[in-house]
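Next come two complexes, and both contain subunit A; in the first it sits with subunit B, in the second with subunit C.
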Partner chain A sequence: MSRLVLVRREQVLRGGQPLAFGIGLMVALVVGVFLLLGSGHDPLRIYERMFEASMGSPKAWSVTLNRAVPLGLAGLAVAVAGSMGLWNIGAEGQIMAGAMGAAWVARVGGDWPALMLIAAMLGAAIVGGALLALGPAVARAHIGVNEIITTLMLNEVAIRLLQWLIHGWWKDPESQNFPLASMLADNAKLPTLFERAHVGVVLAALMIAIFGVAASRTAWGYELRVAGSAGATARYAGISLERKILTVLVLSGGVAGFAGGIELSGNSDRITENLSNGFGFAGIIVAALALMRPSGVAAVAVLFGAVQIGGQSIQTLGVSSSVSTVLQALILFGAIAAGVLSRYKVELDVADAQPLRPTRRESDTTP
Partner chain B sequence: MRNELTSTDTLGQPFAVELQGIWKRFPGVVANAGADLRVSAGTVHAVLGENGAGKSTLMNILAGVYRPDAGQLRIDGEIHHFRTPADALAAGIGMVHQEFRLIPSFTVADNVVLGAAERIVRRSSIESAVGELAERFGIATEPDRMVWQLSMGERQRVEILKALWRDAQILVLDEPTAVLTPGEADELAAVLRHMANDGRAVIFISHKLQEVTSFCDEATVLRGGKTVAASLSVESTDATELAGLMVGSSPAISERPPPGQVGEELLAVHKLRCMDDRGLPALDGIELTVRSGEIVGIAGVAGNGQRELAQVIAGLRSVESGTVCLTGEDRTFASPRQRFSAGLGYIPEDRLGVGLAPRLNVIDNAILRTYRDHCRGPFLDAESATAHCQDLVDRFRIQTGPLFHSIAGLSGGNLQRLLVGRELRGHPSVVVAAQPTRGLDVQGVKAIQDLLVAERDVGAAVLLISEDLDELLTLSDRLLVMHAGRIVAEFEPTTAERRTIGEAMAGHLDGACVIPEVVGP
Partner chain C sequence: MNEASIIGLLEATVSFGALLYLAALGEMIAEKSGILNLGVEGMMAMGAVSGYVVALQTNNPWVALAAAVVAGALIGSIHGFFTVVLGAEQVVSGLSLTILGVGLAAYLGRGSVGRPPGAELVPVDWGLLSDIPWAGPVLFTQSPFVYMAVVAGCLSWFILWRTRLGLAVRAAGESASTTDAAGHSVAVIRMGAVAIGGGLAGAAGAYLTLSLTPQWQEGIVAGRGWIAVALVIFGAWRPGRVALGALLFGLTLALKTRLQTFGVEFSPILLSMLPYVLTVGVLVVISVRSRKRPSPAPAALGVAYRREER
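So, the complex of A and B:
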């Protein structure tokens, strides 16, 4: 009798993660077939529609890319912290904080020239997100408070703060007493790139590229790797662990805030409670699938954007948009399970084929 | 389910453990090449061998961590195929690994019963049950203490209790004394004897002959993955013979290198005080100097401040009072990096996790101290870093795979060469080496010792902290003994008597006044 066993690889397989992601996608699509059949739909038609709506035309691509922007930036935010072994679960709130910063600048500088206003809005967005992350960063760096809990709880603070602003100070006088913020002026909106895509796509790609280069090519990135590998080694090498934790978490918040600014300026008419739309949490999945590497984040974000947009499009066929959420989750599970393959390889169990090792069953029958 | 292949011990009982013809290959290495081991119940059995002889692999096979490529495994005469450590545990095998697997924020009792408590129970009843178990085997422990508060020796006892709680009939300890002070090692020996008398089989992995001869009943010697001597009676076997079996030829008697040219004072520590991790005084007014061209050895029972002394000099532990001078300048408050630039090479006791970053590749580890020299603006120059690393690898003859692979694949000896090479490459003025040869095989020990002597000969001041008295007596030009955070005695290594040194280590010469006259240069 021989069996398949997992054998640890000497070195992690290069290109194992894209492979795992592909397998995850396949698993998700196959399981999805059964889900769709079970709810009385034609899976092929649904998948075709999803593909067309997300990648079937330049217009579809523009919508997908717009969606990939907040996903990618939130993923980058999580990945920046994750590369040092820190978990920023607060990207959702930091996106809100960033959007609030940008919205405040838009209110103050409503008559500024577009370029200046947008630059100021995005700058304020970064500061907003960074400010929300500052508390957890200081607490973690200096007194060792678990950043998972503090960043998570501040999500609630950010959303309540926004509600308070929308219900009060920022309420649009023309909203007939609905709790809505004022509309953004046209000069506060990001210019279009192509079709529906806004220039935020380029800005996000740039941001991810900068972090990618910083992480892999600079002394700063090297220090981050050392600190993430072993804190005591970092101190030995003369790297201040406290300062690294502080900068990394604040930067992470800033990146998430930047996502909020772009989402507001590029994709919305006004700031609303739904602006962050779960991007901060989806970012955790994106970063995890990208193994905390900026280069992977971009690719995963585009694919997730496509799945989300495709999922929305099939609502017109009577399918719940939850299908796309289920698919995202299935991709995650499939990819994580398949990720084992980059660290292990499947082999025939040679040991069982050896005459000296009869199987338990055979030896049981020996008198 | 007896099988005719089963052999029995002298009393006609099947062996508690019988490993036969075990083969295990890893990519690029054959760890076990037909290793055999037979252990009777009620004995303490040593598995001896140098680093890389295949001891750990064989024990991991017994504990279900690895699965053999070939060979068979019997417990009490029954063939077993362990797929997981849980299978091995169910068959009564408990393993105490070198790295403890405890949860620091749990109490001793919680750690002992973790995963093996039958239902929700009252804390006090767990604690008293664990306390009773400990008492039965003569293990000193406090079940309600948090594990993070415990010393390494105390943690090891928790690991042993974990195995006993699960009623392990076969207990495997992987180099258990490496983390213990001599006193703790004796206590461990008593506990092991207690367990053997209780009818259990104890397997004790070591490469220290002295422990084997004093703790164990039988010894099996492995070399190159094969069993070269099985179940020798320790009583009737000479230690020299065992050593010969381990290394394949009689071990070279280490010779004292000729003394170096002693020069100016390069390291001076004055009235140094500091705290340990628990906030208790660790150094209590240390005075010492090391001059160019000499090796000053620090002997002492582990836990008397040697670790803290090295850390304070390296800048990794803060000073309460006193000064540290390097090459004549006060560097008491300098950062580790400044000290390195000022000419301090530091070989820390913990190689992985302090001296080396375990998940990073060879290049990243090679430039750990000097990465700022490989920068162009904010960018790290990969070419220059690789060249530096390659130079280190060539010069110190480090056996590695591709340099961009993680150092996880390097053997202990090569890891230490990488670390020592990195620290010594720029010929530092002062070298602080803490346990630089611990856990290395004979060749590895020799290589590291030669490097330290070579540095001394080119004028470095070397402070050597070691638990190996032979090493200290061979290498040191002066030998200091630490006890309770103080230097309590100084000896001339060529004339010092071991017994007197031992008394000083035990604190019987306490009080600075009994420091014997310095035998000057």
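So, the complex of A and C:
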């Protein structure tokens, strides 16, 4: 009996990851043709519209870049943790926490000069996101609590905290019975860069660049990778794992919180519970497609932003927004598969049909 | 607060508890085999829409339920293929599955929004039992899904802890290479566990659209898939404790809409945080205690198994 097996390639295929994204996109577009035909639309016309609305003009690019900001920062947040082998699944909640921090400052300092107010808002956003990540960080560093679940759970806590604020304290007295927070003052809004794009695009790019340099060009980044891939080696080298875990997760939360602050100040009139429309979860995908490298995060975020904006634009043609959601998911699965195949090859395995007796070295058993 | 409103609360607690329990059992089985599936929300959405659409076509609730289970198992198998066969990151694949399931469900259900249900699974009448005060309305006039959840819980306990098959499943979640060496196919076990988990999540979704709130709308699962993921940890991967947790979390869901009628001045929004906060608390306790005794979590949970990389 023979079967197909995956065998690790001696060298990862060059350009494998961009190729993976391309293949994912192809898979999505092909399946999308059937979805669109199924709902009675002309696929070519829809795709043309998606491209025009996301990349066809400076204005389209400005909208796409605005969307790439939260996606890229959330992706960066996940990648910062991921560079040490940690999973921050809580970017969604940390974005909310950051936006709450920024919104609180905007309430307190409504009459401050714009520059000072915006700086304070973004600072508070970073603190907000970092605070939400602090609990999981301490628990992981000192007690060894799985950070995947704690960060995931805190997403739900953060969004409910915001709902509670909007229904109570922060409710705009002029909104009558609707649970809406007060509108942001004009001096709390980020200046425009070009067309619709706000200055947050530059701030996000700077943030990503700083982490990119820190990760690949500094001793700190090197220690992170060592700590992530070989804990024992790191300890022998005098690296404190506890402190590294703590700083990395808190930083990760801060970056996600920053995204929330920018999204509030740059893209919204007031804080709402829909402020982060799944950006935190999309960030996990962005980081995974970028192989946890800050340098890749920016590129993936722009492409992903284009798909999202294109998907929104075709709703005016009567296409359900669910089509764009499905397209995004298909890009992911296609890219995951292609990513695996850039590291592994499929071979026909003839000899190894019978299960082996336990004579071989075992590494995944616990003593 | 009168007797009728307390009975109503308990009745809702049991039915919400059963909803969470069905989905959590599926997740527990998958995790016991070593696969973390964060796609519960998406699988429930697929079950919910499949059940509703098939009920519209056939007017037969049981055919609709079967369709929901199959849909859940099929979409769950996508996660199985990616994590077991390709060895992809379980976290990434699971979250992608949630996005896919929620999106695909919205696409498939776009023509069914606002349409009256084609069929419903109506509460079971247990005759004399249903007439018992308190116990009758709370336990013996429930939707068939509640009794299915109880049966599924007992079955999964029996199979996982009292049969050789169950031993193999749990072994795959503790040490894949040992299981492989003992002559079991880790891939087949894990694929099967993820598919069954998907089927149970699909059934939970169908509970929503065939019985609890018989209608289809986008976002009908409303985060309850995440509560199911939390429940598995809260219940320390044991069917009995997961059942107790399901009732507790079910109580918070049931209380949410009733706080005001009970005259309690507490925000229902803050109350709905409770399951997540409790789960974090339990996770911390488990971790502190696991310094002295083994953690209840499957040891190989989340770790891909490739034979040549042992």
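Definition applied: the second predicted complex is superposed on the first by the 334 of 367 C-alpha atoms of A that agree within 3 Å, B and C clash if a C-alpha of one lies under 4 Å from a C-alpha of the other, contacts with A are read in each partner's own complex, and residues count from 1 in each chain.
Quick note on the criterion: a residue touches a chain if its C-beta (ideal position, glycine included) is under 8 Å from a C-beta of that chain, and two chains touch if they have at least 3 such contacts.
The structure displayed is predicted, hence computed values, not measured ones.
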item	value
Partner chain(s) touched by A:6 [first = subunit B, second = subunit C, both, neither]	second
Which of subunit B and subunit C A:328 touches, first, second, both or neither	second
Subunit A: partner with more touched residues, subunit B or subunit C	C
First (subunit B), second (subunit C), both or neither touched by A:153	second
Which of subunit B and subunit C A:219 touches, first, second, both or neither	first
Contacts of A:237 with subunit B and subunit C, given as first, second, both or neither	first
Subunit B/subunit C common contact set on subunit A	5, 356-358, 360, 363-364, 366
Subunit A residues touching subunit C - in the complex, by the definition given at the top	5-8, 35, 39, 87, 89, 135, 139, 143-146, 148-150, 152-157, 160-161, 163-164, 167-168, 278, 281, 284-285, 288, 320-326, 328-330, 332-333, 336-337, 339-340, 344, 352, 355-358, 360-366
In the complex with subunit A, residue positions of subunit B that touch it	1, 3, 20-21, 26-28, 67-72, 79, 81, 314, 316, 335-338, 340, 346, 348, 350, 352-360, 364, 367-369, 371-372, 375, 378-380, 382, 401, 405-406, 409
Subunit A - residues contacting subunit B, complex	5, 9-11, 214, 217-223, 225-226, 229-230, 232-238, 349-351, 354, 356-360, 363-364, 366
In the complex, subunit C residues that touch subunit A	36, 38, 78, 82, 85-89, 91-93, 95-100, 102-107, 110, 174-178, 180-185, 218, 223, 226, 229-230, 233, 267, 269-270, 272-273, 276-277, 279-280, 283-284, 287-288, 290, 297, 299-300, 302-303, 305-310
